[in-house]
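Sharing a structure here in structure tokens format.
Labels run A, B and C following the written order; every chain starts at residue 1.
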């Protein structure tokens, strides 16, 4: 019996129990585990790579930015203030990073069975060389060793990027971002390893408090008259072009629903004008987002940018947490999402266009087999993104493959996204995905549904090739 | 090959097939299988424990009250009259319990693969010592042996409670119940082993034919003017207090949906008045139930009672069965249930209150990973009840753990509920839950996601500790 | 490692990995694998069996009619024109069957992990004796051998029917079909092996462009005044009677939703009149279909025909594909489907009628455990059809059994349907179903939930007996 004070990463972790299947999975994994990492969608800070400064302390790096971690602690009654999450109203919060670290250590048992536990254990073990499990007893040792190492050159962002074997990483920036860090990397070896993605939600979502102001800023950035529909669209085209000039190959759209629309020009103009008044209704805002997905798909047919659609999150569900701490504090909730009706207006217009490439994600797993796989298994423009967010986990990934593959096959999927701001966990996250894909493939081999050399080829494709191809990174 | 005439309960039943995983599961199970039973939610009759009378015959005990059993027989064309289910209109039904028993025996093959088969087999084997499978051939032997044993002292409710190692059992009573049986147990050793729970649906659900009358009775019981909103709420507070004085720590709410509301005081008063006319619309009744969930949550923040919400059953779906036989005759159907939007009004008001504890259940498994686990993994007041009703089964429990754990962890769940009126099956039901939890934990150990001694601790928590803690029974 | 150039059908394919469970599955399968095939629902062409002509070439037989195949190719950007799918506007498409065959061969890797891959491999191996996997390299060899064999007597429909051990096959014909091929088989040995099913969608679905015309044709065929509600219903009764005279025991209803209705006679008359104007709204058309399901259920109580309801397909989702190529081109999409509310009007009227037998199908797996199993586990008239269409696959079938069995048992299901127009794949499809059912049963045995001889009986029932009984074919 392995004692819980020991931190081990078993070489066969996440593989199937059956010896024969496990041997197949292990063999597949051995062949692809050291492939370079392609991270085509994520939220790391480009400043890290441009400036290559050291990361602060253990708490600053591993707790404060990770809403997977602090949402679980909050769910068990631990105030966010005690975890040092900054309050927007300036109320004092815990400042002592060691004290915060102790809270995580003491409650680390809460994460049993979660992906956070796996990611953190892998970071602790592989990145920081820890060999005891995190607990109240080992909290100080952890804090000291991690914080000490973070101050060394080997733990700066670029050194870690090499150590992690990251070939390419995409960050995500808003339409108004001037991309100073990406500009700073032009002409350096980083230029082709760190690229941006274009996420225009801030100038497309008229429900935001800052929408009107953002559209005004868009005018300033582009010299277009963004008070007219034509000028607004042209401004978006210019921003896309600017992002492309700094390496972007993809756009990203985080809408509450997958709704699309295909209105007449005059209806578009009227709706846009209404939204610019700041007085639009919820239904008008939804219709505007819907129309914009279609407009943006049209722009993708022009400039070839791959379009990522991430619908279905109910943002900032907890008003008290939002008011005190702001966005992205673990209070976003998935909601039921419909695709077959919602995407139809856009697909009617562009669904058969060979220049369009759309990657669909979901937080609603019921759509995998019912809607997404059948859609992606027919429309040439559609591919399916990997299991996302709450479903970026071993069970979540298995459900994705089990429910998608029989209808859409493997080649209407696009490999793995880590989608994270937790830079140190990127290798751990890709490793989980590679293990689970090898496990799934091993099952197909063991059930004699594919031959073993087909599985090898698929393992390479799922771990590396499909991501490069789908995001036009090759 | 085990012949089907033999009734065996294999010691490894429900464990995984793989030898190594099975060994882990078996080891975990050995350590927790004899823990006392905490039954924090169920529908046994408190009269049994207060009066300790003998149960009648095999049919009266095992068929007539068990709608899992007679709904399956009805689905295959067997009239409920032939099973002795009493008709409300007085039409004669089968009176011979032996004849009814023969119908079950002859059709026992219909239950293959169902949890009823497991529960009944365990009762037959462990409680009554049967060693042949129930069939037309063994029907008389079964009937005679069971009925004979039921007349002995060893088969009275209290003796069985000891034999079953039930430490504590909660019954469920309506708001108008005077709790005579719980009163009768005060001062006896039963006082702390049998407690009640407060289920106010009959005075909260204005769609019931008896709602207006029930609110009137509430006045008589409490001396409050329940024709006013304030008096009605005060009357509910008094009933809660009375239930607490007889041991209750929890309330229970069986609403058609999870809808909550947070209306102004004047809107509440107007809505309540409308409902008291008996002329309220379906929408008004839904809004009133919604508002009442929020009111009752508020009362829980005052008195600390744990709030159980069981939404999503379409009651009495079959009008002919309802007309002839009444409620609870196996014709309740699950329906699609939404939580993220529905709970928001209540959560906005009380979701961060450290005094509130809500246990959510569902009949709609699609909400496990999409809505319930994300909600419980954030809100401090929310925990998830176990797989419920149709999903209280090996596959149902596994789906629950597989879909909930990665996002909510184990410690946002509350152990097992048997939720049954079938007293003799309680050990069998808890045993299934314990086996399945050990199986799930063994898989995590075999995949090297947790250490084995963590699994041991979890097995104790899931089998015993979490239920006591969540229901404030310690 | 099995090289991918080799085409092998492993005798243990689709069985579980664990040796002990595999042995149980293998043993069950050995006993039922050679049972005759009952194909109670499908879309083969009765002309084949009536005229017994040779099938054309490999492409004409295996690609052009199989939308599972060409939808996958289309999803990867291969134009339907290049696959020889005929355009309705007469635009030229690829005519060279060998060239088309090469496209499939080159892209055969796309089907890895799909049921099409298994069905095709089985056809290639078992029916045509191929021993190398289909690939660009083997494309010509495949094309030549298959096409050559198709011209021989052994590959004519009736010879294959014998070779495939098909005891009985049901085709599906519209209400206006005069059934010439079924008539031609009367008095021949084929009469009792090939029967029809009655699918009246073309005269029931008022959203169809040809609805008004079809109702007129119904008058011509039956001599009834189909401009009146009574005449229309009587005409349907006459067509049902005609279909029954040629062997039909079942009807089939492919509605967009499961909605039923129970309107007054005058409302029915008014609604029907409205539909006959050709000016009815979408809502009126939906209500008319809903009412017609109830009317047709009523007719089933009279004439005993088994009623199959296949709801939830959004037909012809891609307007460009529909315009160019017409119906059934792989562009039908599943959509979310509700049953508990939708079926209630019909069930209120006929749900307890012992003469009614309804088989429900779904494309929305979320309803298996939530709605369908609870409904079928109560209503005597309801049974559940097997995993359908996109879910007719190993994973899909396992999900069906896992989610349905615990609540509905096995005996509220009806065995397997191949539902195919791909005649040569029928043995492969039934073989997959038999293997998966044996696998599921083996798991129940290994977990000691049923005895092994019960599993044997269930294997016979699921493979053969239940289909005959449910479709009244015995």
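In this section, a contact is a pair of C-beta atoms (placed from the backbone, for glycine too) under 8 Å apart; a residue touches a chain by one contact, two chains touch by 3 or more.
Predicted, not measured: the structure shown is a model, and the values here were computed from it.
Two copies of one chain, chain A and chain B, touch each other, and the residues they use overlap weakly: the shared fraction of interface numbers falls below half.
Chains compared, chain B against chain C: the Cα-based superposition rotates one onto the other by 120 degrees, nearest 5.
Chain A and chain B have centres, each the mean of its CA atoms, that are 40 Å apart. Under the contact definition stated at the top, the residues of chain A that touch 2 or more other chains are 18, 366. Chain A makes touch with chain B in their complex at residues 1-4, 6, 8-10, 12-15, 17-18, 71-72, 74-77, 109-115, 117-118, 133, 314, 317-321, 330-331, 333-336, 363-366, 390-391, 393-396. Chain C meets chain B in the complex at residues 16, 18, 20-21, 338, 340-341, 344, 347-348, 351-352, 354, 366, 369-371, 373-380, 382, 402-403, 405-412, 443-444, 446-454, 457-458.
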